[in-house]
Amino acid sequence: MAYSQEVLARFRNFFIEIGELSFFAHRYFKEVFSPPFEFKELLRQCYQIGNKSLLLVGVTGFILGLVFTLQSRPTLMQFGAESWMPSMVSISIVREIGPVITALICAGRIGSGIGAELGSMRVTEQIDAMEVSGTNPFKYLVITRITAATLMLPILVIFGDAIALIGSAIVENLKGAVSYQLYFGKVFNALHFNDLIPATIKTFFFGFAIGLVGCYKGYFCKKGTVGVGEASNAAVVYSSMLLFIIDFIAVFVTDIFFEI
Amino acid sequence: MSGIKNSSSQNFRLGVFVVLGTLILISALYFIGKRQNLFSNTITLYAEFKNLNGLQLGNNVRHAGINVGVVNKILMINDSRIVVGMSIQEDLSQHIKQNAIATIGSDGLVGNMLINIIPQSGDGTIVKSGDTIRTYSRIGADDMLTTLNVTNENAALLTADLLKLTTKILNGKGTLGMLINDSLVAKDLKKTMNNLKLASAQASQVLRETNAAFKTIQSNNSVINTIAFDTVSGTQIKNLLANLDESSMKIKQMSTDLTNYFEQLKDADGVLNYLTNDASVVRSIDSTLFYIKEGTYKFNQSMEALQHNFLLRGYFKKQERLKEKKE
Amino acid sequence: MKHEINTDPVLQIDSLVKSFGNNRVLNGFNLKLYEGENLVVMGKSGSGKSVMIKCLVGLMHADSGTITIRGKDITMMRPQELDILRTEIGFLFQGSALYDSMTVRENLEFPLRRHKERLRIRESNINLVKEALENVGLSEAIDLMPAELSGGMKRRVALARALILKPKIILYDEPTTGLDPITAKEIIELMRTIQKKYSTSSLIITHDVDCARVISNKIILLINGVNYIEGTYKQLVQSTDPLVKAFFK
């Protein structure tokens, strides 16, 4: 009896959460285009989210490309199809692995960062202080962060993709004696607009999801330091889940509009 | 002060980050687009095929081994006519002449299908947009190769039989003595000899013609040539030519031997007694003759097929014209 | 130290009700703050003091009751009007609430961002910041980050921030919590100095009896969501009511 009630309550909470998140997103779109615009803070957040994540994304991307190529080599060699390596690696990185891995890393870094920052600002009444100071904290804190994440993630993904391909090219160059020119020639031969454009468009949604969930969790953080931890943790978990759902939808939509 | 400086250097770095990222994206889009000839001026050429063998939109088009464009249109007119549109880079199209031939090939064993535009010798005007160029279907060549192969096998079989026979006769182990006693057999033998001579002459004539034909083809810059450079078919044809050469030589050699031998038989009566009464020799000679006949017939047939093949039509027409001139 | 110059209160709360779920925190609370007065509201933790003060600046919305500041009812106000009114009120938060990501200077400049033009303040930001920091005796801390400050310094910077627009009413939410007695005394002294210098009216929420003793003109005891008893410090100390006695020991 108690158990079923608990399950029911969890279901209820889940839908409440979804509803609140939708309302939060709605509020974002309602306020993002109305003045005053916190442009300076937006730039600051872009710097925090974009530049500060570049190293992490770069290192991850490089290792990803390196390892992916190293692991695929033996299999392709069995078929004598090493020459297909650049096409295979580039298509899988540009279409799927690059955006998803970069977004997951950013969910970890940016999402938790935003969740913890806004959470602690909520707990220490900084958000209240802002409101009392005549600045709309939703505009100043939430809109700038969500917008910055939405704008920066695609760029981070592009860097991640490029660095991953460089890593892959290095392996091919050392192990397979493929020149860089040949490697990238083959990469661009294999890639089509259909690979690059939908993948780039979906990263905007990834960025939006990371920013949205992080801000939502932080903005409505429960009191106390435990609340901050929960907010930052939940931001990562929920945004990662949301990323996969978006990716799933994106693949469907891409299939319809671009005929992969 | 430090705050302002700090934020301006942050903004600078942010600017670099954004500009660099956008540049990478734009250049990636540019390079992809360039590969698909979206930004350079292109012309369109058409070619009609019976069978595309899995050719798809976006497959490469090569001219003399260089990528010059992509397949951008496939139009099925009816069950045996498919028109393929190719967008060719304008600067590279200046070297394609109107007499060039398009064939469908593949890029390695597991590679994509592609269209090869093969330049032909001789002067031709440069193609312009909208032109249709000639095609050559690989299936024709395959048929031809099969026929030639059968001919070759028959010729080889025949040669082997004849060789065995002549060896026996030359060694003096045989039944020719019996042949002399039996007038019927002698008559048969004479007839056979005549037939053999005729057949040999025919065979060598045919072989000479084929040889000559292939030699011309080889020296000529025609499609066969490119096939020869191409893949398996090249080695096949080369082997075939070599075999044909060899067989014709052997047949010639053998018929000379035979003629000499029978002349000796006529002059020297005594030797005939050594011939045994073995009828199997006669049967074997008979069957040999049959093989030779059949071989010649088949050879003629394949020559006919060759004559009808458009690749070689040019050569035979030339031959006919030469004949007419002589007459 | 009693001076009731004006008959009209600058701030008035009438029968304020606020509940969270089934928990009715405020149940008809009344309050009048006169100009130049230091009014202390005391109560146990969770008695609704902070809720009341947040309702005063529109951070929370009351279920019923009216809040009148300088003759205007804020419960019906639109956000823009509320913003204008907020410039006349300084708010010192419980935990100082300095913005962690900004320097002291940026913290002080923050209220100026939106309000400066509206209030037609001609002075440059830097002068205003310097003046505010001088008032709290922390001029040297201008370029430090909040994390580099001690608790007492944070509280002073927060006070400087609350004063930067020279408000007429200052709300103090537990100004001495989390501070050692000596620092707490310093802060209380500072509050008195500032009150004299700018002749502000103050509403102070605290459970610190010392603070109430030093600064209050009048004390309201908030128990069970209503004003349990009102009076000067002396009056309340002499009260025989066991609940009041429990407070002042």
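A, B and C label the chains in the order they appear, each numbered from 1.
The rule is short, and it goes like this: a residue touches a chain if its C-beta (ideal position, glycine included) is under 8 Å from a C-beta of that chain, and two chains touch if they have at least 3 such contacts.
Remember, predicted model here, so these are calculated numbers, not experimental data.
Enquirer: With centres defined from CA atoms, tell me which chain sits nearest the overall protein centre.
Expert: Smallest offset from the overall C-alpha mean is found for A.
Enquirer: Average the CA atoms of each chain to get its centre, and name the chain whose centre is farthest from that of subunit B.
Expert: For subunit B, the chain whose C-alpha mean is farthest off is C.
Enquirer: Take the average of all CA coordinates in subunit A, do the same for subunit C, and state the distance between these two points in whole angstrom.
Expert: Computed value for the inter-centroid distance: 42 Å.
Enquirer: Determine the centre-to-centre distance between subunit B and subunit C, using the mean Cα coordinates as centres, and give it in whole Å.
Expert: 100
Enquirer: When the C-alpha atoms of subunit A and subunit B are each averaged to a single point, how far apart are the two points in Å?
Expert: 58
Enquirer: Please name which positions on subunit A make contact with subunit C in the complex.
Expert: So the residues of subunit A in touch with subunit C come to 36, 117, 120-121, 124-126, 128-136.
Enquirer: Which residues of subunit A touch subunit B in the complex?
Expert: Contacts found on subunit A: 40, 43-44, 46-47, 50-51, 54, 79, 81, 154-156, 158-159, 162, 188-189, 191-193, 196-197, 200.
Enquirer: Touching residues of subunit B toward subunit A in the complex: what are they?
Expert: Where subunit B meets subunit A, its residues are 7, 10-11, 13-14, 17-18, 20-22, 24-25, 28-29, 31-36, 58, 110.
Enquirer: Okay, in this complex, where on subunit C does subunit A touch?
Expert: Per the touch definition, subunit C meets subunit A at residues 54, 57-59, 79, 83, 86-87, 89, 91, 93-101, 110-111, 113-115, 161.
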